[in-house]
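In the two complexes below, chain A is the common chain; its partner is chain B in one and chain C in the other.
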Partner chain A sequence: MDALFELAVFAALLATGFLAGRVIEQRHYASIRAREAQYADVLAFGFRFPADRVTPQRVFLVTGTVVVSADYFKTFVAGLRNLFGGRLRAYETLLERARREALLRLKEDARRRGARMIVCVRFETTSITGGWAPSIEVLAYGTALIPEQTNRAT
Partner chain B sequence: MIVSNLELIPGKRIAAHLGIVQGSTVRAKHVGRDIFASLKNIVGGELKGYTELMQEARQEAVDRMIAEAESIGANAILNVRFATTSIAVGAAEILAYGSAVRLENP
Partner chain C sequence: MRLENRRPAEGINASHENPLKEFAWLAAGSVALLVAVVAALAFAAEWLAPRLPYRYEARLAEGFDLAPAPKSDAARRVQAELQALADRLAARMALPPGMQVRVGYREEGIVNAYATLGGRTVFFRGLLAKLDSEDALAMVMAHELAHLKHRHPAAALGRGVAVGIVLSMISADLGRGAAGALGHAGLVTLFRFNREQERAADEEALRVLAAEYGHVGGAIDLFDAFARLPAAPREENIPAIEFLRTHPLTANRIAAVGEWAKHNGAALDGARRPLPPAIAAIRTRGERAS
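Take a look at the complex of A and B:
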């Protein structure tokens, strides 16, 4: 009887994780796509130096960070997959979402402070322990530039 | 105070190198957030409480780094890097470091 009860709880958690997790992931992707279009005018580069010898008026550090958690279903599937090895697609989407979200927040930070260009963008990923499901933190940081206004006669 | 992860700021000249400056903080989440986060682990998604915590911690590390740079007479910190290490369950160290310099206009 106890075993049956435990099985029922496990199945319920799995189902909740699968259904709610899917809805949350799809909503997150929809929001990411919408905001990516919205922030398309903020340029982010990995270059260490700004292009075209831009003389910045002002430079400052900008950051974007997000902590996301896997759901119960993903954790279970990943546990199974671990036995055979191979791609853990469930976690790939989790990390992709986190990274795109962090980049968006980086752009948001830059735009709020009046910049349209970020150079030297770096990513850092840390897994946070605790809880049943792994959580990861993704940090994106870079230097925002506000170029000098040049009054070029055209 | 200019804080940047670039090695050189276009249009500025480095007058003096003043060495490495750093700032760090060790943070733990409080139990309420932990309980909420473990519920959130079932359905997945963003752990907003943790995101805020990390942001606050990183800001504090940067503030401490800036304070150190100011105390040695720097007006900029270049090549800033971040590092995060989880040192125990529920606790993390956030470190910010960079090179303190004195910049001047050429």
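Take a look at the complex of A and C:
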């Protein structure tokens, strides 16, 4: 009887994790895609120094960070996956969402301060363990540039 | 140089396939793996346990009151008669070295007898009340002793412990359930022997019966008595035909007795010995009461 109750609780957690996790994930993806279109005018690059054509007037650091948590369902599936090995699909979407979100927040930071270009973009990840589902933080940081405006004005 | 940012490509870094599909595969694989592990461990433990020296089983059995002492004088006399019969039959069987058979008697209406750890076997009043002759009683006794000889209780315990350990790794609750079944009450119900074990016990019992009485008529009497039992018990909610439920079909067993007798040149019929007085009195008392 106790075992049955335990099983019912487990099934409920799994179902909640799956349904809520899926809705949240789909909404997040929709929001990410919309904002990626919105922020298309802010360019972000990995190279360390500005391209030759750009003569920056002002240079400053911008950051974007996000903390996301896996749900009960993802954690359970990942646990099973650890038994057999292979591609951890459950966490791939989670981490992809985190990276894209961090980049968007980075661009938002840059645009608010008047920059349209970020160079030397880097990502860092920290895992926050504990609890029944792991969480991760993804940090994106880079160097925002505001180009010399006199060139265009003349 | 043209500076541009493209939209992130979809479906390369993360798969958008429905996670339920992966879950189904993983869950099915895990369950299959678990079943295989439990089955393999149960099989191995069942094989190994009877091969361990008997003294370990005896030491384990000391911790349980497996054959409680009878409370009344009448019950003590019944117990003594059962013990005497057990000793006589055990002398004809090659019991594991060091095993001392102890017969317990319980004044309960269930038609049952069982063999358990440490050379213990327990008889219920309900069963004794159904028997007409010592021959029939000896068939049950020899059957239980044969379980002890083949160390079937140890095999069943080994299997139970192995399954319990695996289950407790998954859920503490399932493990506790299995461990609880190993407690005193569980030692009775846990030991369901399989068909093969029952068949082996029957065969050994027939051999002992033929040697002791010169014929196997007691076995026929016993199975006939079982066939006459009502299907549903009236006074207790414990199944009255417990002994039948866990054993091969009565008709098959009667056929097997004939088969065995023919093969081994044993007589099917002969003079029956009367039940010892205290055991015979159970039946008389029961008839007077009803």
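Points worth noting:
Keep this in mind: the second predicted complex is superposed on the first by the 148 of 154 C-alpha atoms of A that agree within 3 Å, B and C clash if a C-alpha of one lies under 4 Å from a C-alpha of the other, contacts with A are read in each partner's own complex, and residues count from 1 in each chain.
One rule holds in what follows: a contact is a pair of C-beta atoms (placed from the backbone, for glycine too) under 8 Å apart; a residue touches a chain by one contact, two chains touch by 3 or more.
Small disclaimer: the values here were computed from a predicted structure and weren't measured.
Under the clash rule set out above, the superposition-derived model of chain A with chain B and chain C shows the two partners fitting side by side.
Looking at the superposition, the partner that touches the larger set of chain A residues, chain B or chain C, turns out to be B. In the superposed pair of complexes, A:E137 makes contact with chain B only, with no contact to chain C. Of the two partner chains, chain C is the only one that A:R81 touches; chain B does not reach it. Once the two complexes are laid over each other on the shared chain, residue contacts for A:F45 go to chain C alone; chain B is not touched. Superposing both complexes on chain A places the Cα centres of chain B and chain C at an angle of 110° as seen from the Cα centre of chain A, in steps of 10. After the two structures are overlaid on chain A, the closest C-alpha atoms of chain B and chain C sit 14 Å apart.
Residues 53, 74 of chain A touch chain B in one complex and chain C in the other.
Residues 2-3, 6, 18, 22, 36-37, 40, 42-45, 51-53, 73-74, 77, 80-81, 83-84, 87, 89-90, 92-93, 95-97, 100, 117 of chain A touch chain C in their complex. Residues 2-11, 29, 34, 37-38, 40-47, 50-51, 54-55, 58, 62, 80-86, 89-90, 92 of chain B are the ones touching chain A in the complex. Listed in rising order, the residues of chain C touching chain A in the complex are 1, 3-5, 7-8, 13-17, 19-20, 22-23, 26-27, 29-30, 33, 171, 173-174, 176-177. Chain contact summary for the complex, chain A toward chain B: residues 13, 16-17, 20-21, 24-25, 28, 48-50, 53-56, 59-61, 63, 65-72, 74-75, 94, 101, 119-120, 122, 124, 126-133, 135, 137, 139, 141-143.
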